[in-house]
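Per-chain residue numbering starts at 1, and chain names A, B, C, D and E are given in the order in which the chains are listed.
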Amino acid sequence: MTKTIIPIGPYHPLQEEPELFKLYCKGEIVKDVQWVTGYNHRGIEKLSESKTFEQVFFLVERICGICSTSHPFAFANCMEEIARVEIPDRAKYIRSIIGELERIHSHLLWVGLAGHFLGYNNVFMWAWKYREPVLELFEMITGNRNSYAMFKIGGVRRDIENHKIPTIRKVLDTVKEKTDLLTGAVMDDPVIHARTKGVGILTKEDIIAYGALGPTARASGVAIDVRKDDPYAAYASVHWKVITAQEGDVFAKAEVRLLEMYESISIISQCLDGLQQIKEGQVDVKVKEIPEGIGTGHAEAPRGEVFHFVKTDGSNYPVRHKIRAPSYMNIATFKKACVGQTISDATIALAAVDPCYCCTERMAYAYDYASREKILDGNELVKMGQRKTEKLRRQIKRNR
Amino acid sequence: MNATNIINRIRDTLRDYILEVDIMSTKRATIHINPAALIATARFLLSELKFRFIIASALQSKKGFEILYHFSYDPLGLIINIHLLLSTDNPEVESLCPLLTGANWIEREIHELFGINFLNHPNLEKLISEGNWAEGVYPYRRTEGGEIDQKKSEGNRG
Amino acid sequence: MGIKTFCFKKSLWLFHFGGASCNNCDIEILDCLTPRYDVERFGMKLVGSIRHADVLLVNGSINRRDKERLLEIYHQAPKPILVVAIGTCGCTGGIFAEGNTFAGPVDKIIPVDAYIPGCPPKPEAIIAGIVKLLNK
Amino acid sequence: MHKRVLIDMVKLRELESCKMEAIDRHVLHSKSFKTIRELATFYFTCRRCEEAPCISVCPADALEKDENGMISRALNLCIRCKSCISICPFGTIMNDLFATKTNGYHYFDLTDDTELIQFANAFDDDIVKIVEFDEKPEEHIYRLTDRVLIRDVYWEVR
Amino acid sequence: MIFSTIIYFLIFPGLLFASIAGGFLSWFDRKVTAMVQFRKGPPVLQPFYDFLKLLLVKETILPAKGSPVVFMLMPILALVGATLACVFILLPALNITSGFNGDILVIFYLLNIPALAFILGALASGNPLASIGASRELKLIISYELTFLLILAAVIFKAGMRINLQEIIMAQADTSFIGSISGILLFIAAIFCLQAKLGYVPFDIAEAETEINHGSFIEYSGSAYALVILTKYILLFTLPVFIGTLLLGGLSFTGINIVYSLLKILAIVLLLILIRNTNPRLKIHQAMRFFFVWMNLLVIIAITLSIFGR
């Protein structure tokens, strides 16, 4: 098998990180998919064994910048299970708020990228512009735009003081407005419909076979959401619903993500109500010892379930720390979603999974099925995707 | 059906293979089984009880290689770890791939990091290591007697 | 200040190399392009070919597999090329420095002109860092 | 009379680098594991100050005194800033207490006979040896736990 | 005589003037794009900084494979071609000299030189991506040049079979050609041809990305690339002027007419930018069909209409 790795990655986010996806194609049709990972391997599981539990939080936060709270979330759930501690209510609310804010910013980021793949560069710029207020909220609450360092065993590190609540609500209102705008733009656009409906379909059976998670699964009618199934933090005490769709195509995934943002906004505002009723101050409990044992913790990241397994031996280092990010499972479904599609649909099918970057891939190449030679690089794939949009757009205009 | 029922069902059906059942809380349990019974157990969990495969974690301890297969029963939020112990000298176990496509990557990864062989795996090719460490090196393995992590023991950070 | 340096400063074309990072730096670099920060105001833009680049932004810890690619890219760049290590990872390896695949911080592999620490550095910091580099 | 291990703390402390650490869990009602060094130090060397300066200096609130005046360190809270080392007027707490190695793989559970022997074999006989007698205060041999005897200079003459 | 020719070529209305004007238009382009995306955009002098930096500061790397001589000569050839075309268009347009019979055809050929030169340069660079870009560019030229030629023919016909730019301008003294239905159709076709000639979306097929000059130019660096972007500036100025001259009644640089002329050019450029910002890229065969079928049809309809004096 020949493989050409072009060292220059285009700067577009999907190709930002140096992992490699190879598409084997026959003519226009994708026949097989192969992936080469390892460009981003940092040995985090091994590193974690040399860090104390408190330090591990900072490490898992840096598994990926987009999920930077999901991993600490799962790890905290896991450690609290081992130590059998119950965290104060205030900490629960704060954790949920951070988690949901992160979901909003991550979904917005995705909308921008998907827009880019469909050839709507303006959507990219706009979605990223609307993401900024959310990041500002983070900065106000935690002191950093990403990597918030909020979690610790037994609670959170910083309180959200009650006087900040009105500001948060105000920002949420603007975010909601902008979400309406984006949702409208996506849901009503006939070109987007034509371009994404029926593309990259995953059936319920596929989802189960691959163990796919998060919006990818929910868009195929598999209503798994850790927040409902195994409620942690404050999710049991707020009202919200799991968004699902049945079609399993790219459009359904977009729909699920967009509607989830509304749920997140509503969860946050309920949590803020909850916070207002509790006295400021107590946001953590002291956890002196971590006993020997094993623990499993999971949390619903924007892309699906993040799962952590820790084995402890009573010392202050994990003996084994296994981390499973949602993309690890979701990326494999790409094979199912792409094979048999045309190359121009492959990119958007890939983007629909939201292949979060650090766990998985970054660069896409198309290979000829027979000779296994490279014929297209990631750039051209993006281009082909964009061209198809244009074609459809014209068709639709004609049909009117 | 609640968590206790499910665990009892597993206990009854797989009575012959189960070495020990360890109920950690209402939503977590670890079942130690005989490695030979992995396929039967997994098939029962996946197709009869409709569990979801989460992931597998491997680790090496003094006893040998241990693999924990994590399964989740989402309607209840129940997580069951299927634990099995492999010998240090010749660690091998049946692959879950024929049952479950989603187990492909993780088995490759475990093979790469620990050198555990998965029988009947369709493609045990390297996943992450190419260029990062040499052939035949299993970075997560520990040597006999316990190697000392150099950086750790030198520094005073303990 | 000669016309050469003046023009150079006014027109910086950036090329982004992401190593084994956590993505936050990548996103923050990208964020510099978006409406809030808009580096095009300063004549900076991201280019897709290293041949056109004036500044090489490197972020993320560099693992052994990335190291060769980084070297290759650096040698392909037309001189003068400025190298900026972005983020704690780029500057020192950060939290990943003890990892078993770590191949040394950026400055052990190629010469670095500026370091922008932060985990991740804010877009403001990235812009400020590059501006400071120019006034060196 | 079962086997016990006798550790000469004075000589053990002099060892340049010590590859093996003895541990005992479940002593002093602690769920986590402690090194024999740490236990012995707090047990035999610490003077049990009334207004213990180490406790007040600890920035992480990790040190605690129990009803007998014994100091214990909460593993998860201690950040190893080593302020306690510099404040202790008697030089009780020393750097070696914080040299926890990566994980339990290097440690010996001194309640288990085989591990007890393995541990003893790893050291010279004059430092660690297997004995079958109980504590002998007149020879400065005191009992730390059921299976561990320590030879040390006990400051408090009982 | 020779002296004035050199002035014409090098300073006004040639190299210097055209590059400055083109540079400004290029800034205009980027600024408008930025504004569409809620951004602020680059400063006015940005195109000149870019050019000077590439020319003066950056190292020029010769390709290891391929042919360095051709690689380096081609940007120069492209620049000369573009500049000559510019001079031949502007001299009559500005009423400096009256041009010569058949200059419109010469201009047509000169305008082709940059594209062809870039293709050769790309092939000489030895980079596989560049040659993909080159082959696409070639296909593109084949498709749009026929349309462009037909447009010229239509204009010549409308001007009463005159093949002198000066006379075409004079023919529009009362009403510009765009004042008729056929003129409008021609203008539409011409705008798409310009889009393709300038390599703008939706016809930037030879360059992989809007923002990136990939494809044909991937191997160019330093001063060679400076010449490339200079050629692009000049084309960005020359082509709209050419269309302005052919269809919008020419330009004039006297009195209030200066403002009109400027507005004409800006309007054409603005149109190009807006098309570029609201459309995704086409596939190469789509582009070819677009020109071969639709645009040619459009022009032929225009010619037919103009036979009936519309």
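Descriptive notes on the structure:
Convention: a contact is a pair of C-beta atoms (placed from the backbone, for glycine too) under 8 Å apart; a residue touches a chain by one contact, two chains touch by 3 or more.
A quick note: this is a predicted structure, and the numbers were derived from the prediction, not measured.
Of all chains, E has its CA centroid at the greatest distance from the CA centroid of chain D.
Chain centroids computed from C-alpha atoms place A closest to the centre of all protein C-alpha atoms shown. More C-beta pairs touch across one of C-E and A-D than the other; that pair is C-E.
Chain geometry summary: the mean Cα position of chain A and that of chain D are 47 Å apart.
Chain D and chain E have centres, each the mean of its CA atoms, that are 84 Å apart.
Note: centroid distance chain A to chain E, computed from Cα atoms, is 45 Å.
Here the CA centre of chain B is 35 Å from the CA centre of chain D. Of all residues in chain A, those touching 2 or more other chains are 10-11, 38, 41, 43, 46, 50, 125, 129, 319, 379, listed in ascending order.
Shown for chain E are the residues in touch with two or more other chains, namely 37-39, 208-209, 212, 214. Residues of chain C in contact with at least two other chains: 34-35, 46, 48-49, 63, 65, 76, 98, 100-101.
By the touch criterion stated above, chain E contacts chain A in their complex at residues 36-39, 129, 202, 208-210, 212, 214, 277, 279-283, 286. The residues of chain E lying in touch with chain C in their complex are 30, 34, 37-43, 45-46, 48-50, 52-53, 56-61, 208-209, 211-214, 217-222, 225.
Of all residues in chain A, only 49-50, 52-54, 153, 286-292, 313-319 touch chain D in the complex they form. Of all residues in chain B, those touching chain A in their complex are 24-25, 27-28, 30, 52-55, 57-59, 61, 68, 70, 72, 74-77, 79, 81, 100-102, 104-106, 126-132, 139-140, 149, 151-152.
The touching residues of chain A, counted against chain C in their complex, run 5, 7-11, 13, 16-18, 38-44, 46-47, 50, 58-59, 62-66, 68, 109, 125, 128-129, 132, 145-147, 356-358, 362, 379.
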